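Chain lettering (A, B, C and D) follows the sequence in which the chains are written, and residue indices restart at 1 in each chain.
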């Protein structure tokens, strides 16, 4: 059985570094496959309720949907100023051999010692940004990875914090939790031979936001007029479609003809967002009181560190220009 | 521009090891995003036509859908007795810095020297079984990986062949190409909050085969009666649904309640097949003249090395039995 | 403080798999930097004393010299039929964050469940052959590696044993411990500009065996007559010099002129032995009652799985022959 | 045969990025095992001679001693303001399958496009700081690593430069080449059972500088009075002994009793310098006109980016202080 509870931390003076914590257990513990939007809202609301009495928060969560929950919480929590760390175990903590003890200890240690005001995920001695990671393996203790951003913290004999990578809100606004989410979102993965009937059925109302998992650097079949017509029609009637790559590593670009046809059809480039992050960002953005164009713009803009903003010298593909 | 052509090899005497090859170029070169079932059939047919005149075949293919094509060809080619190697480049071979030259040379070298009678994919000094790999990265030269099977060949200063891993047909039958494929297949990825309306729309006729991308070791929300009902109804009306994990590494099992509800609904466990392999296997199996139960059985059985058959001592989860 | 004690295991019936163990603590615990030949002999003697009453042995050992001890014990224990596993911790087991608990539990688990009749080293969920590993990192929990042989066991959610790699004695002889070791051995590392005076001083009596850490695939400066003369003279007066590479990965060969001059001087090729293994093997072999030529032959022959015996198709450098 | 030549580059306007280069070939090409201090001095002198006529320099060098040469050149070149890149091949460039073409092209490309004013080593699509790397493998194309510093440049489809890691001289002084080096240096590796006679012989005059390869985080046997006495005596008579770890990764510290005895004996902590860097730094420092104490201080101070200067929050072992 997976488990699910919240631990609130309060560290004492920075000299002593003794971490005081309190455990909040939900009455009904859930397997993480059963975690849904209602649960995200409850977790976020509980953190909001206790926000000013604690210095950090650790959430115990099953591994299966932990990357989805971490992504969703990162968008729901606006102007977060304290660490919120999700962790769990590949082998239940009640077993002889379990990674649960080390993961729990490490998460509490970081929450109590370092001010990393992000929603993060701690696993196997690495702290990842929550909206950057994916469950990599169903079998290994090294279960998560963050393919396009190195870990924020690495724990070994010493502890290495990449302070330059920590994301901090730039606005001087108070912490608040956004508890509305739009459920009419979905993931559609391209594959050779996908029929336009499949795309048509998937993009029907009430669908409002779709993560389109494309090939390579954001490509789709440019010679499939029927498919592109379905995608274009959905965009025109207000569905927000975000282009994310099926590859674990790398980013959506618009080099090739095969990628630019999606741009022309109205699809928003998702750069290097994970599908998990793009999907929960869609749920969040679609629930905001904004125009459709403002929402599309928000989808292609970095708001919680979920996508890489590349410095000039690293712009990929510069070789083509030579 | 990606490219697409066939090279046929004929090696001379094993002493000399001089590789004679002939190039066959298609009149219309395609970006790999535009490769579809019709192209798979043409490639397979062309290999069949020249099968007895050459010792091996190298196919140049864009990277975006190469793993899909490799999977599809592996199923379409029955009783294959010669190497068929796909390769390509992350940076076009016409650029100054390109991985295309090394990939092409390496693929020809292997095709001309080693009898590896499988459909394989050669990239960045590694030869993978074709139906085991995925495009991992949109940016790196190390673009492909084979998460659940080590490479068959590793090229360094020396060349290391894992002969014990080479898959060979056990039946004494002649090589033939199966050129029919069923197009009514699709990929549906679970995510928290997926609506039953989405599943319903996706599973409608003419859909006949679906790869369901589940959580972790094959789990789905066990408390979502509405969703399970849609899945169960599809299975009952003859849709073949195969359970594959969203994780890159690892295998679908049936430990938890959250996994076994899918079994009960009639979903076929896909073990450690990649979604690419499962999808093209569905296209192949659905086109065979078999009963629905025979097709389901074939989907959960290893037929081209596409899934791991675990020896006893490696059965995962044995700790639970103690 | 590092620690040092022995745990003896006795597993009950294979059905129940309950592991009974007994702890033997040395009165004076030693930092592993202080472990020497006398300690190796004591550990080996203690295992010999209790050999028939237990099914396996776990030795707790500091990490700094653990690879040396594991190598030495592997040679001293002749016809070993039970698991002897060394383990330890990068962070002391008394600390909050420590890898000691998991390493200890894992080592006991393997010793109690699997018949792997070798001297092995367990660290960070991997079981390595003892005479194949090196301390890789002073900082990371992943402290050891086995550069030229994959781990014998990998522990994750499931446990994967590479049964085909387990080394078993082929002679039907009784277990015995060889408790004599020759101390007149040393390691000499080549570097550009090494003077013949340095080599001369190092190779003086009472030195009897030297591991020469060469460049790349076993190369030394072929144009340094003075240096080669010192090496040749030492070989002629009976010093056994073994050629091991400074590179972590790879093997000593004799391609280049620069490598073959050492062969001509009388140096024994050490193939892919680690310096740790080669050094303790020298200590062992030099203490045997054999002729100098028999000792040299033993040094270039695999006796405990410490060097790779390559199958024909993997012979490196075959490209040169084409 | 390995090869050895110099290529001088001159890039034209930054818009066109066309790289003009000139090749300088030595009359006698040397296997890199035969490269010594005289060759280092010649290479450095040749670069000094052509320094003002070219924007960058590429040196073709055999792999075996390339890390030693790169380290030595980094110290010999004072106030370097232009890129000096060493590269080579695991398989000769004349072979069908060779990494030499890509390594050469990549090195020229970087030298012509980026101002990285360091002595660096380019191999397998990675540019390393020269005094940070080691030859890792005798067999793989990925032959070098830089265990304690990530690559300065990574080449994939795009090119990623870690500008924040580039080392630049802070003094406003003119480039000059220091062409004197002290040859009386050596490497002594600790091992269990090392005799004081071995240490005594090795530390005898004319030896002036020794890299002592210790265990783990810089430890040596603290209970070996005889050995420590030999080391202390050498320090007292003016030999500079630098403590470097045998581990590939990690740094020499002074936690344990077993490490601090070396400090007390007068040994200089080498932090995370590679043995290659420490040895060539010794050759350089010993040839300067400084007092013995100034030389010792220079050995423990970062002068060319060869050792990590840790920011406060990353000081290893902070856990011990809690």
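Methods note: a contact is a pair of C-beta atoms (placed from the backbone, for glycine too) under 8 Å apart; a residue touches a chain by one contact, two chains touch by 3 or more.
Model, not experiment: these values are computed from the prediction.
Comparing B-D with the candidates A-C, A-B or C-D, the pair whose contacts agree for more than half of the residue-numbered pairs is A-C. Farthest chain from chain B (centres taken as the mean of C-alpha atoms): D.
The distance from the centre of chain A to the centre of chain D, with each centre set as the mean of the Cα atoms, comes to 41 Å. With centres defined as mean CA coordinates, chain B is found 28 Å away from chain A. With each centre defined as the average position of its C-alpha atoms, the distance from chain A to chain C rounds to 45 Å. In chain B, the residues that touch at least two other chains are 91, 96-97, 137-140, 157-158, 316, 319.
Listed in rising order, the residues of chain A touching chain C in the complex are 90-91, 96-97, 101-102, 105-106, 109, 125, 137-141, 155-158.
Listed in rising order, the residues of chain A touching chain B in the complex are 31-37, 40, 63-65, 68-69, 72, 91, 95-97, 135-140, 181, 183-187, 189, 191-195, 197-198, 201-202, 204, 206-207, 213, 215-224, 245-253, 256-258, 275-276, 279, 283, 316, 319.
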